[in-house]
Amino acid sequence: MRLILVLLLSLALVLSGCGGQSPSEFSRFAPEESQRLIIYTSHKKEIYEPIIREFEQRTGIWVEIVTGGTTELLQKIASGDTRCDLLFGGGIDSLSAYSDLFTVYESPELENVPDSMRGNGEWTPFSSLPIVLIYNPKLVKFNPPEGWSSLLDPEWKGKIAFANPTVSGSSYTALVTMIKALEREPMECIAEFYKNLDGKVIASSSEVIHAVAQGEYFIGVTLEVSAIEGIKEGYDIAIVYPEEGTSIVPDGAAIVKNCRHEESARRFLDFILSTDVQSRLYDAFSRRPVRNGIYIPAASGLKSIEYDIEWAGSHHADILRFWAELGRGASK
Amino acid sequence: MRAWAKRSFKNRIFITILLVALLPLFLCAVLMLQVQIKRSEAELIQQANQELDSLAGVLTETLEGIDAITHELATSTLVRSTLRRGGSDSRVLYQFLFHTTNEYRNAAQFDIYDSSGFCRYTTASDLPDKAMELDWGIIYAARHDEGFVLQENGRKGLIGARAIRTYDGNILGYLVVTFWEEGIESLFRGRYSSVNNVILLDPTWRAAYYSQSAQGLATTGALREQLLNGEPLTGREGEFNFYVREFGDDGFTLILQQPRTFTSAVMRSLYSVSAITGLLCLILCLGCAWVLSRHLSKPVDELDTAMREVEKGNYEIQLETSRTDEFGRLASSFNRMTREYLLNLESSVQRQKELNETQLRMMQAQLNPHFLYNTLDSMKWLGVTHGVPQVATLATNLATILRASISEGEFVTLQQELELIERYIDIQSIRFGDRFTCEIDIDDKFQSCLVPKLVLQPLVENAIIHGVEGRNDGYIKVRAEEQDGALLLTVSDNGRGIPEEILEKLNSPDGMKPSGHLGLYNVDRIIRLHYGDQYGISAESVKGEGSRVQLRLPIQREEKNDAEGTYS
Amino acid sequence: MLKVLIVDDEPMVRKGIVLGFDWAAMDCVIVGEAANGEEGLAAVEAYNPNLIITDIRMPNMDGLEMLRELRRRGNRAHVIILTAYSDFSYARNALQYGADDYLLKPFHNQELVAAINRIKQKVQERITLTPQDVLPLVKGDKSKYVLLAMNYIAEHYSDPGIGITQIANSLGVSEGHLSHVFKKETSYTIIGYLTQYRIHVAMKLLQDCRYKIYEVAEMVGYRDVAYFGSTFKKLTGLSPSEYQDRCM
């Protein structure tokens, strides 16, 4: 009697449970592993989307995109995230600081890239980005800042828009550039600069343009690309190329060690170094190409100084720690 | 529950009826539900496939057509020479262009670009002013392809191009076909039901077209992700079925988005309705099963109750029934059986009584009279001739007593019985000498009462043997009195008394048990057999002082006739 | 004077009958004995008795056959049959063949005497009162209580309710003691003596033909006439009416 009941119940359950699509139905539409690529990027959508789209159309590779801040993504990969095949974006100083995460790839396209832009293969350069100063012309009518020294000038105390280097890779690059340009003792210089910020540190680099344009700050430190884009968008800011000279540190991309789709990642790196992409960088994205032979209008006053990537990489942790201490000290 | 079912037939039936009612109901409901769901889903699938067929068909057809047209255009001498010439004013070319693209102009816009990327001719109303990039996008693709290439147009439809080449392969210009959303829409119009949506995806599942463009990106993005992760395609929100169909040679995919009829909301409401109806049915079934089980098991109950009555000893119980089925037969069998049993019981009692009587008679007839009398007679004569008169007395009296005990008839008058007692006493007096006297002091009026034969003798015997034994002044008295319509015969003695346990036995209301004292037992039995249990022996005694043994009989008199005794 | 013939196959029986009775006192004389029916017939021829006392079961010819033969020969002697059979049909047969009476063996001598008396009465001869009729009214050497009891009985015999309890109470002595001593000295039980006394008186009253039987019964203390009658017959051998007839 009990047995019959059990049988009937299970029959009923089976009947009721049937239905619904099984996922394997569509698996035939899914691409094979060789046709996949997962990119973690810190670039803005306006930059990565057309490039990736074109890459997809040309190669038929399905790209999955994960966005985030450079440092954020780096830490993600460092802490064991194994999905990422390629990190697209981030200053090469940041990239080289985490160089043990990445695998070496010397793209054949690198032939067309000047040595100064090249590394040891742990990263591939994408675009070069000079660090510039900006100021609000409405607020700063007469004595615009001229260079790195201006940042230590007490005249500008509390009026400097500077993004947190812990989060912003470009801010960190700026710090290192400043130290080099001013030929100062690093920590001293940083401490002085910190003092001149008067505790006001901007959360992310993207807000610097806005902050200066709005008049919250008089001057700011940012990448040339951001400044140009800002002006294109209509922000009222003016660009100053530091007279001491500035670093033109490229940003780049790197292939994660032991990633699943290394071949596709390589093709992507080749692609971003290709003429088709590099020649569009300035007109479309206001970025300076790294590839030789691409014409871009010259920028007046742009003087480049050498940027010691090694030094930047090895002191990355110390400097950031010091910065954090300064932060704690300032709040006392 | 099993134990509960086992307890009663009623409960068993209840469970059975309940199951019989519920199970088919349940099965039906489930089956119907499933069948319905399956059927509608099947219909939906069929409909979706039909729509996809139609959509894919029209797309494929269109693309093939366009492929042909662009080929025609790209290879036409007219187009080539016009491009070579430059300019954008050839009327002939326009005529040719419009003529060739006649069929498809509602779906797409056809433009001819020169090799620098500027548009020279268009089927649209105005020339697009922006130049096409040569090293990017569709033009790049067209340059690297021999035929017609197709790409998604920045989520705003499709764009295709074919390079127009010289015979040597140099590029003269480009034919660009732009499918705006409206164009695609017009192609699809009427080919799918309005509740559905159509999605066009490029080879890497980037959305080219979405009939409900407002949600386009979110849904297609979700679908793409789900496909890459191997998850079932469910889209972003809402509940839809997605049907995927590849079409054409360019790796493009059509997806039909069909809203599910059996959404979880619908299913929930279905299930809740089913549950409610189920519950109602359950209650109804419980009620019916209860009533039915009670009704059906009623005859069983009645039989059960009747049986228990019988067990308790009530054999007169009868079942009333007017049924003619199995229960009716059971009931009448039961009635028959109990009646028969009752009859058997009564006849058994009757037989036992008869047996007793027969045994009685047998007891009485066991001696061969002649031998006894003749022997006693000889003894008597010997006594007489040898001058021992006591011997004669003993023998003669014994013969008298014997005659009485084996004579016919169970009853004698008290007078006759007393005669016998006197004979008996004569014998005992010879044996015991002067050790006792016995006075028989009975009033005239009792002399004609009928008593069972030899009923007093054991009492007197007891009085002599057990009572006054050992005494020299033993005194036994026999008297009679009337009490409550019964005759009481008392034999009292001044002997040593009756022992306690014997006294108990004598006085026990159910009659004596046969143990020792067979004489008294017989007397008691005979009285009870003849007259019933309210008569019989009783006794009183004081130890060392005396005893009184009493017989209680109903008063019955014989008809007055000639007062001749049978003994003389 | 009755001439009596004894017929029985057992010598002891014959001897017993001959020696066990005071024939002279009964005005009878034994004229002969026979051992069976044949001898009996011969003896009847030889001695011509008035009364034949015979057994039934005898070899060579049984009593019934003998009786049948006697009657066939026209002999009218009275016959008393002795038999062990209590079967009534036998007795009836005997009576059919003209036997006057039959006695069941073993019988009390009294019974034979009573039977002979009945026959004597038929032949209108005087009845002899058997010694048992005579009451030992001799007071002589009886003890005090016995005499008192006898006196009490003599005074109260006509009271129907008289019983041993009253007698003992009136004397102020226990029943048992009285009964014992009375029996010892008179060899009668008290009730037995009372009965004897009553019948004795009744006999006297019946001899005086004035009284009806039921009157006599009442006068001697019997309420039940039938009982009186049967008691009278038991003691005297005759029913009251027979006894009264005799004296008329």
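Worth pointing out:
By letter and in written order, the chains are A, B and C; residue numbering begins at 1 in each of them.
By definition in this document, contacts are C-beta pairs under 8 Å (C-beta built on N, C-alpha and C of every residue); 3 or more make two chains touch, one makes a residue touch a chain.
Everything numeric in this text was worked out from a predicted model, so none of it was measured.
At the centre of the protein atoms shown, by the Cα-centroid criterion, sits B. Compared on C-beta pairs in contact, A-B and B-C come out with B-C as the pair having more.
Distance between chain centres (mean CA atoms), subunit A to subunit C: 167 Å. Averaged C-alpha coordinates give centres for subunit A and subunit B that are 77 Å from one another. With each centre defined as the average position of its C-alpha atoms, the distance from subunit B to subunit C rounds to 94 Å. Here subunit B touches subunit C in the complex through residues 369-370, 373-374, 376-382, 384-385, 392, 395-396, 399, 403, 407, 415, 419, 434, 437-441, 443-445, 447-448, 473-475, 477, 479, 494, 560, 563-565, 568, going by the rule given at the top. Looking at the complex, you find that subunit C touches subunit B at residues 10, 12-13, 15-17, 19-20, 84-86, 104-109, 111, 114, 160-161, 163-165, 174-177, 179-180, 182-184, 189-191, 222-224, 226-227, 229-230, 233-234. Residues 2, 23, 26-27, 30-31, 33-34, 37-38, 41, 135-137, 140-141, 151, 202-206, 224-225, 227-228, 230-233, 241-242, 244, 246, 251, 253, 262 of subunit B are the ones touching subunit A in the complex.
Every residue of subunit A that touches subunit B in the complex is listed here, in rising order: 1, 8, 12, 15-16, 18-23, 25-27, 29-31, 36, 53-54, 56-58, 60-64, 275-276, 279-280.
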